[in-house]
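Next come two complexes, and both contain subunit A; in the first it sits with subunit B, in the second with subunit C.
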Partner chain A sequence: MEAVASMAFQVPDMTPALPEIFVLTMACIILVVDVFLPERRRALTYLLSLATLAGAGILTLALHEAEPRVTFGGSFVADTMADVLKVFIYLVVATVFVYSRRYLAERGLFRGEFFTLGLFAVLGMMVMVSARSLLTLYLGLELLSLSLYAMVALQRDSARAAEAAMKYFVLGALASGILLYGMSVLYGVAGTLDLAELGAQLSGPAARDPALVYATVFVLVGLGFKLGAVPFHMWVPDIYHGSATAVTVFIGTAPKMAGFALLIRLLAEGMQGLHVHWGQLLIVLAVLSMAVGNVVAIAQRNLKRMLAYSAIAHAGYLLLGIVTGSAEGYAASMFYVIVYAIMSLGAFGMILLLSRQGFEADHLEDFKGLNERSPWLAFIMAVLMFSMAGIPPFLGFWAKFTVLQAVVRAELVWLAVVGVVFAIVGAYYYLRVVKLMYFDRPQGSAPLPAGGEARFLVSVNGLAVLLLGIYPTGLMALCAGSFAAGG
Partner chain B sequence: MKSVYVGIVLAPLLGTIVTGLLGRWLSREAVHRICIGGVALSLILSLVAFFHVVGGGETFNEPIYRWMFSDGISFEIGFLVDRLTALMIVVVNFVSLMVHIYTIGYMHDDPGYKRFFSYISLFTFSMLMLVMSNNFLQLFFGWEAVGLVSYLLIGFWYQRESAIYANMKAFLVNRVGDFGFLLGIAAILMYFNSLDYADVFRAAPLLQDVTVEVIPGLEWSVITLICILLFIGAMGKSAQVPLHVWLPDSMEGPTPISALIHAATMVTAGVFMVARMSPLYELSETALSVVLVIGALTAFFMGLVGIVQHDIKRVVAYSTLSQLGYMMVGLGASAYAAGIFHLMTHAFFKALMFLAAGSVIIALHHEQDMRKMGGLKRYMPVTYWTMLIGCLALIGFPGLSGFFSKDAIIEAVGESEIPGAGLAYLLVLLGVFVTALYTFRMFFLTFHGEERMDPHAREHLHESPAVVTVPLVLLAVPAVLVGWLTVEPLLFGGWFGEAIRVAAEHDVLARMGEGFHGALSMVLHGLLAPPFWLAMAGVATAWYAYLKRPELPELAKERAGVLYRVLVNKYGFDDFNQAVFGDGSVRLGRGLWQVGDVTVIDGVMVNGTARGVGRLAVVMRLLQSGYLYHYAFAMIIGLLVLLSWAVAA
Partner chain C sequence: MSAEQAIFYFFSAVLVGAGAAVVTVRNPVHAALFLVLAFFTSAALWLLLEAEFLAVTLVLVYVGAVMVLFLFVVMMLDINLVPLREGFIRYLPVGVVVAVLMFVEMALVVGSSYFGLERFGSPPRHPADYSNTKELGGVLYTEYVYPFEIAAAVLVVAIIAAIALTLRRRPDSKRQDPARQVRVRREGRVRLVSLPAARRPAQGEGSSES
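What follows is the complex of A and B.
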């Protein structure tokens, strides 16, 4: 402590972190404003939250530079990957807010807490994405996690939601503890929290320290939990199923991108020298995730649970790119996670759109004969399901294609074959949804909700999956560009 | 000359495209005028080409259009026009034109009139492409294209069950032949690295001693292998035993087709091909021997079957089989010129016979059974006399075209020293008697004796219209004269030049040429030779058995019951094919479907894995108990497993 005190305090350069500062300020303002708002003016909170995200987006784009900008004593970085991921996080979260509005209002959840917690979660994700030291990384992760625990518990008179929140919190705490323990061993060996320095240290002779094996395993368990990889996946179905759908869609989309950033910052930047250790272990996690996720999804009757297992399987594919330890693989994984967020957003958005008061629309039966009731929505849902199954020319095909290509380039052909086999198994339950929509008789005849802006946005979402699938090169180049400099 | 050659091919193609695609908007007259005009133009141009080549013009051998160039091999459309080609295109176009004209009368009331014209023009185009080709790829294209048109025309009356059966049969049997043919072409591509005739013929002698191990431990000469594979193709197309079974059934098609495709032109494609490949066949005595023996067997045994047929067209069909056998025998004895010579004379007199038979059939309102004919001489004089000319030419009556060609073949076989020549000589000699017997049996049953048709048909009997009789007369002219005029240059004058190559030790025609003193002396000599007396014996037997004592055949049928049944069953080829290949493949298919598809693929693999995965999913779902401490426990177990894995590694 004396060392710190003796140092002359320098005001750090704030500009790279301006989007974070803006989001934090706005979140606090909304918190205060919301307290004084009468119930009927609640829409102002909603609009302010959207404006915050838009403002953060403008700031991020305006401040973007090709060269990484490091500040706060080396603990914060704004580079291309961070900026790209942040922009997608704003986009996804804003869409989640729009999708959720009617759902929340119908259930008496349209309150300021959802939006402020959401914005704090966004802040946590932004910090994670831009972290350049173990401490910042953990700080961002905890900010995100705590926000999410609270969001799950938002529906407090629902026993299922309370149970889910409890499970999430306890298991999340356990995982955070394990992760933190792994980080502490890393610090003990390398003597630094700075990820760049850590990376340099672990590429040298220090990498042979046997303690690092333990550190790697503990770190991986923590990461595996956050991503929902098997065997640390068990929270995922219960939390997805137990939360209000608006919260599920939040958990299921943007935090995946932050989780990807977590993996990259820790493994690729901090522990690239230990690739021999974590590469193998990640293969195990990836294969188990693809297998368990895809197989168990088949037995699900609830669409939210099915999508939860689908998320587990997708986490497996996401890991495939990281496993290679190459820039190409990282870029492929980044593409995968962005594509997954877009697809999953659309699928959950569809559940939100079809639900109404007292009816969740989250059972597979609820989708029977959707084509007869609304051919357009059935088409959009079919596009999303085809895309998730990885059928060309939809976006999901390219996502699977790029990670598998990276795996084959890394001479892990067997792993690619395993991936393809489980993708085929997975195609079954996605296509079952299509079959239910097009070939089965509708069960109820209740009119579909009007939808309004959410319906429009779901359509845009589905069409984006189709159009980006036909022209995937732009998004791919964006991801490749994020790793071009880093090599 | 290039534009002339291109024009020869394109004129009928244009006809078929215009009438085939725009036929709906054209009148019947317009359709047949366009098609006949196309073929007539093609005939005129081929005559120009013929006289150009005969007059000492350069042999044309050039590519017209390059389709693609891949891995050093050029795939082209090109023409080779030498004397062999020139002769073929004139024969093809002449017969085709006669058939075109005849069709106006024969198909007069048929609803498929326009379609028919489009098909036969397409056939003419394909056949010309085949004979004018200068490379194997185009040869194969023409080969398949004529096969396609043959298929379409056999099944022309597609509402008839029997026509569909017949065209399917023709198609399948030709597939067997084409399989061999394609393998032969593949072997050529593999060993010569070129598909061009000239390249292949130039390089062939170099490969004479190269062998290939077809079955382990069995070394074959590459040339022999190629020649036999190509000959398998010829066996299919030219209906040689045992791939002959489709030709009699092909008579389901309209009669003009039987004349054009299944007598005069397409079925002789195999003969033409072997003659064209003479530089290859001359290098392999084994292959020549195979050609010789297969041809001789076909010539004799198919002739025998002709004796017991009742359908007038089938008699002519079996006669065609037998004559194709003669042509093959000629080729096998290295007398390629004699084979081609017989091809030409046969084209004229056999087309004549078919068209005359067709004339009888229309006069009797599509009655083909000879037991319901007889005494037609009175009613149809033109048909009678032209048919008589055809029959005499067929049995080789001295002076008519068939005499020269058939006698030359028989004599060539007698001279040949190739293994199997002795047997072949015996068979072709006996074949002469058989030929005369079935030919005049048909002739007497149709035109002489008592009138057995039903009274109603008799009232309407009259000679056929001019569009039918004019082609008969026009075909009768070459049937009489062409042999007399061309025997000397074609056989002994080295007329074909470089187009046909014969090794000196095989050159039987040269040896025969020493004893040849002009057509007249050949005729006079023929009057004393055994083939003439065998033919006369055949005619006499037919006269005695079918006119003098008509009860005799019934008696013979009872006495020689076994022989009769063998012949009526056509040696059991059809029954065998039906039982083994037809029913066998159906059974095999059903077996594969039930065992392979339903049980193994659908049952075990598709549904089995699906059920397996489904069960696994249900079991694994149970792990998700919902208890928090189970989840935490699983995480710790996972941590420990990973840790021990990492430490162990």
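What follows is the complex of A and C.
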């Protein structure tokens, strides 16, 4: 493409980006509609947001083609991986909205901004997932991050939420700066922002340039911060704990899938030639994350903090698949991140479901004797915990299995052994929740909230973990298909 | 050393010095002023790169608007610097070690051996009638329309966040509503009460009707 192309410019084909355009338009419409709504009609905002996600899902599925479609001068791509991840992002975010409705209403947070910021965050994730240039990748990341910072801070009366928002903002800005610096060195060496061109230029002997090693380090530090991998994990527990649970569940699920796309687009597509460098660094991050996440989670008394450390540990397993640098490993990581998003959605959804006005069910003690109070919810929670621990036949087992299989195929057997050892360590704190629910006496006798549609969805969520665990091949094939064409 | 290099080194030195001063001076107003200096010098560096549109925008937008607003805010806030400086000495050794390590690493890599003129020649000079503004305008809304629109969405999010975090409806606060003021009728405000006439007291000094 010539820089002086104003004369010969052709209007880009916008159809592949229709889902993005739809979400942006609807987010702006909802923003304006919400301003004119009286307080008692706020549910309309909520319903419009769900409709937007459903519409985007229909558009994405209708426009899906096996061949990747590149548009906007090469800065946008809609391929199978992007479409699969987008559909799961819509599903997860829509579920988050349903789960959080009652929780938000009881705390005076059921405001239009939660939903508009949520939709802008979805747009940011879509842009990241479909990015094909360093510029769009970074802008998508910023759109997502800014929306998340604001969502954390929305709970203005809580000092803890304000502290969490501040920490998230400062550390997130630092991470963005570091990532951007690494990207700028990449651009300085390769002279292009296009990820495909970057991948072509950085392969072969050119990859030995020390400036590229230097850029890789900065990029990885930035990615490590964003993913919450050890040693860049310090912010994760405080932000998970400090935010309102409805925001925690938002942060802890869908953005992980966008983070995976960030890794794939940047490392696998743009810097595949530098795999020798980033592979080794990622091994260190992965091992540390699995170790610190799983061991420190044992000491937590607060379920949100425990799930935060569990998120750190899961980030380690996610990195294991990327470490291999093979299409099989990437597909395994993609399967892992989707499974993780579904599982943590259920676990946080359970906290939201059991919380009521003025009471947060986020302590381990709150789950004592849940079986006596509600055998069904205790069963669903047990399924989710077994799955997170990686026990067959639940979905979490297959996620760990495929990742470890890819690692063994890449002849890193010791790494797989480390992964299994820390998975066993991690099983302790997941099973402790099950023990508390089934073998301890309940502490309070307050009746459980009715739940309504959220209770139904949590049940569907838990059963999906069970049923997909028995028939995991469909989802696995979907992930493998995303990298089959040579991604 | 050519004149261009001399100008570059001069402005770079001022820029680095101003940048260091922003984070080290005690007075926040001085820090903001040093930031203005940093913006001016980076604008000069952009002029050297023939990016005059960016240079002018940096001065107009950042120095002219953003920093002026920022200075107002800094002057109005009563910032207590003592708690901000707590632990400065305690963390200084670690900070210095990390900073020196980073600096040496960066100097080794971003030096002339990898980014020197031999590897990246100086960009071609453009003729005098070349307009950087026109070139930018040509690609901003065509080639880069997608990133441009996302940047717009980022700004919308910033506005939503700023309003959502600061706008509070205070029912007890007194405020004017011009529409209601205009709509006021005489009947709504003035009430004529007919009181029966009362005979004045004999001394007749104070009026008892109220």
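The working rule: the second predicted complex is superposed on the first by the 475 of 487 C-alpha atoms of A that agree within 3 Å, B and C clash if a C-alpha of one lies under 4 Å from a C-alpha of the other, contacts with A are read in each partner's own complex, and residues count from 1 in each chain.
Going forward, a residue touches a chain if its C-beta (ideal position, glycine included) is under 8 Å from a C-beta of that chain, and two chains touch if they have at least 3 such contacts.
If you're wondering where the values come from, they're calculated on a predicted model, not measured in any experiment.
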item: First (subunit B), second (subunit C), both or neither touched by A:214; value: both
item: Contacts of A:442 with subunit B and subunit C, given as first, second, both or neither; value: neither
item: First, second, both or neither for A:481, with subunit B first and subunit C second; value: neither
item: Which of subunit B and subunit C A:235 touches, first, second, both or neither; value: first
item: First, second, both or neither for A:55, with subunit B first and subunit C second; value: neither
item: Touching partner for A:393 - first (subunit B), second (subunit C), both, neither; value: neither
item: Which superposed partner A:68 touches (first subunit B, second subunit C, both, neither); value: neither
item: First (subunit B), second (subunit C), both or neither touched by A:178; value: first
item: Partner chain(s) touched by A:451 [first = subunit B, second = subunit C, both, neither]; value: neither
item: Contact residues common to both interfaces of subunit A (with subunit B and with subunit C); value: 214
item: Residue ranges of subunit A touching subunit C (in the complex, touch as defined); value: 1, 3-6, 9, 12, 17, 24, 28, 31, 72-73, 75-76, 111, 113, 116-117, 120, 123-124, 127, 133, 135-136, 139-140, 142-143, 146-147, 149-150, 153-154, 156, 185, 188, 209-211, 214
item: Footprint of subunit B on subunit A - complex, ascending; value: 166-167, 170-171, 174-175, 178, 213-214, 216-218, 220-221, 224-225, 231-232, 234-235, 237-238, 277, 280-281, 284, 292, 295-300, 425, 428
item: In the complex, subunit B residues that touch subunit A; value: 610, 613-614, 616-618, 620-621, 623-624, 626, 628, 630-632, 634-635, 637-639, 641-643, 645-647, 649
item: Contact footprint of subunit A on subunit C as seen in their complex; value: 105-106, 109-110, 114-115, 120, 135, 138-139, 142-147, 149-151, 153-154, 156-158, 160-161, 164-165, 168
